[in-house]
Amino acid sequence: MRPVSGSYSGVPRWVIALAAVGAAFVLLPLAAMVLRVNWAEFVPLVTSESSVAALLLSLRTSLAATALCVVFGVPMALVLARTDFWGQKILRSLVLLPLVLPPVVGGIALLYTFGRRGLLGQTFGLLGIEIAFSTTAVVIAQTFVALPFLVLSLEGALRTVGTRYEAIGATLGASPTTVLRRITLPLVLPAVLSGAVLSFARALGEFGATLTFAGSLQGTTRTLPLEIYLQRETDPDTAVALSLLLVVVAIVIVTLAHRTGAPFRRTTGADS
Amino acid sequence: MPRTSPSGRVVALIGLAALVLTGCATATPAASTPTPSASAAALDGDITVFAAASLKATFTELAASFEAENPGTTVALNFAGSSDLVTQIIEGAPADVFASADTKNMTKLTDESLAAGDPVDFATNVLEIAVPPGNPAGIVDFADLASPDVKLVVCAPEVPCGSATATVAAAADLTLTPVSEESSVTDVLGKVTSGEADAGLVYVTDVTAAGDAVEGIDFAESAEAVNTYPIVALKDSASADVAQAFVDYITGGAGADVLQTAGFGAP
Amino acid sequence: MTFTLDLHVAERDVTLHLEVAAGETVAVLGPNGAGKSTLLGVIAGLVRPDSGRAELNGTVLFDLPATGDRRSVWRPPHQRSVSLLAQDALLFPHLSVLENVAFGPRGAGVPASQARETATGWLREVDAEGLAGRRPAELSGGQAQRIAVARALASDPGLLLLDEPLAALDIAVAPAVRRMLRRVLADRSAVIVTHDVLDAYTLADRVVIIENGRIVDEGTPAEVFDRPRSAFAAGLAGLNLITGTRRGNTLVADAFTSIGIDGGLHGSGIDAAEGAPLSLAVRPAAVSVSADRPTDPTLINVRAELIDLEPRGDFVRVRSLLLSADVSPKQAAELDPAVGSPVWFSFPSTAATVFPSVRSTRLSS
């Protein structure tokens, strides 16, 4: 292994060996899947009516969920990183809970909230809003599981940036809203972008909560992961082809997130 | 190794519960022919049974009584969708017995020449309408399911319960417009028990298993799609005698009793 | 009076009173942890004191009564007209130099073109007009601090706060930035926290010394540093300070040390009343050290234990509890065995100043 740009790299060989095993552990299943792809039929399989419907639905709902994550996640991260109130630590743990919760549990929780007989669902029902079995339900499920990703990455970035720039901005006469708009958000923009990309990826991969909460109907609630799960029953070739499609999309997203995650260079430290 | 399945019955005479079960077994002609030479040998070995998810309750009960009757044996159970199980077995999963919820998936197994003998049908299942308690949408018969006001959840045509649904609907000349086509019976049932859906099409056994959580409504058209459950011991089993004994036990009288109580029909 | 402040921070044990006249620049000096940064934070609105009151040009910045007899007032930072210039320039990294300077006016609702004009004017003022289009990452430390000054002034603050503005700068660029600050602070109300006597002399009209959260001395730079009342100020000014009481013609520092003040010393302390607190200041460079008592009658001799030798470039500082002396390395080497023993510290009486320990001018605390 070549050390980074000629500088000293004190990584012991056995660490490299373990890292290689770890990498193989992640990469081999992907390779195994690629080997199973029926390349002759690949294009027809992924362009079939149900595949295209599932892909488009996935993209549409994931984008909507990402937008919701930004709209609500940025304020949540700001409140968690910049304010101090009783019970904040507990609130943070709870807000981040969907990260560790099995998605199906999330789905059940959503069902009891937005379902026909749920906490809010009953009220919505009286207003003539039906969430169950609708695309809205998919977006809700995706937002639920994806929101913590944005909150977590943004809160960390906000803490790293610190409040010094914001304090200076305030003493220059800028109101809190102006400081937010012209200083805080531009400074953490890379984290907002990478957080949004991660949220999008999580939303795209959402399966358990959607299955439990939204149902599965082509073009309405059957997203790509649900389509894969269903096709696997009868048509493994389609399932594998769609899986590969999802993997490719995921790789593109992870690359994007890596690119946008680079922080600003700081001003201080340079001397004449 | 000779087939020693009847010896199980001999050993079972020790147990009180076994007495009853043995009585049933001997009364059932479907039970395999006793092999006198093996009657003295006790069954000994561990087996793993791959069974369709809908068999969870019945097979759990039957495995326990089988073990009680044959103290030298243990039965490990693995429940999942039949197609999942077949895939796993073909990929080399260590199974000794396979019980499928349909003949299609069993055929996949026999096509790969993995079965020790011919599969034996041991139960049937038909569709039933499941509605939430109180039947809020007032469903009476199969035709009611086609109403646009009814939120109907069914299995996707790709899975066995869904193809049965399609068969029944076609026979009844009814166009169903479900709000969701789920990948499994469990998911359909979940939507009904939670009250999200007004009605769902599941198997009779699922309605029975769900207890008070749902109400079942029989309908005549269900006879158009009868699902047959076959079971077979696997060729590569390390405890072939125990595996075959278990298959015999399921297809025998003890199995039939438990299965029928759960709502399964006779093959 | 432009600015008045009373404040009390219990947690950090800070109790201060400070006034800044219109156009006056006040330098605040004190050891680390004395409460200087807290002071600036409170004025800027970034730190909330337990109680206190501040008023700037007739506007109440905050009024936090110790008892609940008045309604509390706490103006947020952006409504105070108080700009803060920190040790680090803290230029907004995502904005160009011009946008940084125009930030204050833009936030105040000035149209973009006019704000740019104002910003360009201030960049000219700090000799940095040519940097307008650069990004902060492309600036040297000195350049960045110039821009930070321009940015702080562009918001037209009623009071400018400077927190060690030159401390982070390279020695080579600090003088030029200091000259620039002297120019722009000339007729501006400002409070500058610094560690540097030179900053105080060049930039401040008045000096305030804070120790342990209290003001221990204040006056013009010359008053405070030529006749220091605190060990801290004496140390900053590079002076030995011996404090004691007048007894007859001597300054009695402690049970073992009394110094005759009738033989050629100068300073206002000569005329101090019997029993008055008296201080004596002398530069270490004027002090010599010897093992035996010098015979020269014009010298004042103090016997004290030699504590240590501290190399300082081309000379060595010889310390005792009372006095320090700067000697050559060669002489220091000869003194080395004497560390821990009493030696004679001597200085010509003409090199010392005696003055009353309590300043006649108002002392606020």
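When the chains are written out, they are named A, B and C in that same order, and each has its own residue count from 1.
FYI, a residue touches a chain if its C-beta (ideal position, glycine included) is under 8 Å from a C-beta of that chain, and two chains touch if they have at least 3 such contacts.
Chain identities (UniProt): A = Molybdenum transport system permease; C = Molybdenum ABC transporter ATP-binding protein.
Please read these numbers as outputs of a predicted model, since none were measured by experiment.
With centres defined by CA atoms alone, the chain at the far end from subunit C is B. At the centre of the protein atoms shown, by the Cα-centroid criterion, sits A.
Averaged C-alpha coordinates put the centre of subunit A at 40 Å from the centre of subunit B. Mean C-alpha positions place subunit B and subunit C at a centre distance of 89 Å.
Here the CA centre of subunit A is 53 Å from the CA centre of subunit C. The residues of subunit A lying in touch with subunit C in their complex are 164-165, 167-176, 178-179, 182-183, 186-187, 189, 264-272. For subunit C in complex with subunit A, the touching residues are 44-46, 76-84, 86, 88-95, 103-104, 106-108, 136-137, 139-144, 151-152, 155, 157, 161, 168, 170, 172-173. Only residues 111, 115-117, 132-133, 211-212, 214-218, 221-222, 226, 229-236 of subunit A touch subunit B when the two sit together in their complex.
Against subunit A, the residues of subunit B that register as touching in their complex are 81, 83, 87, 151, 153, 156, 158-159, 178-183, 187, 190-191, 194-197.
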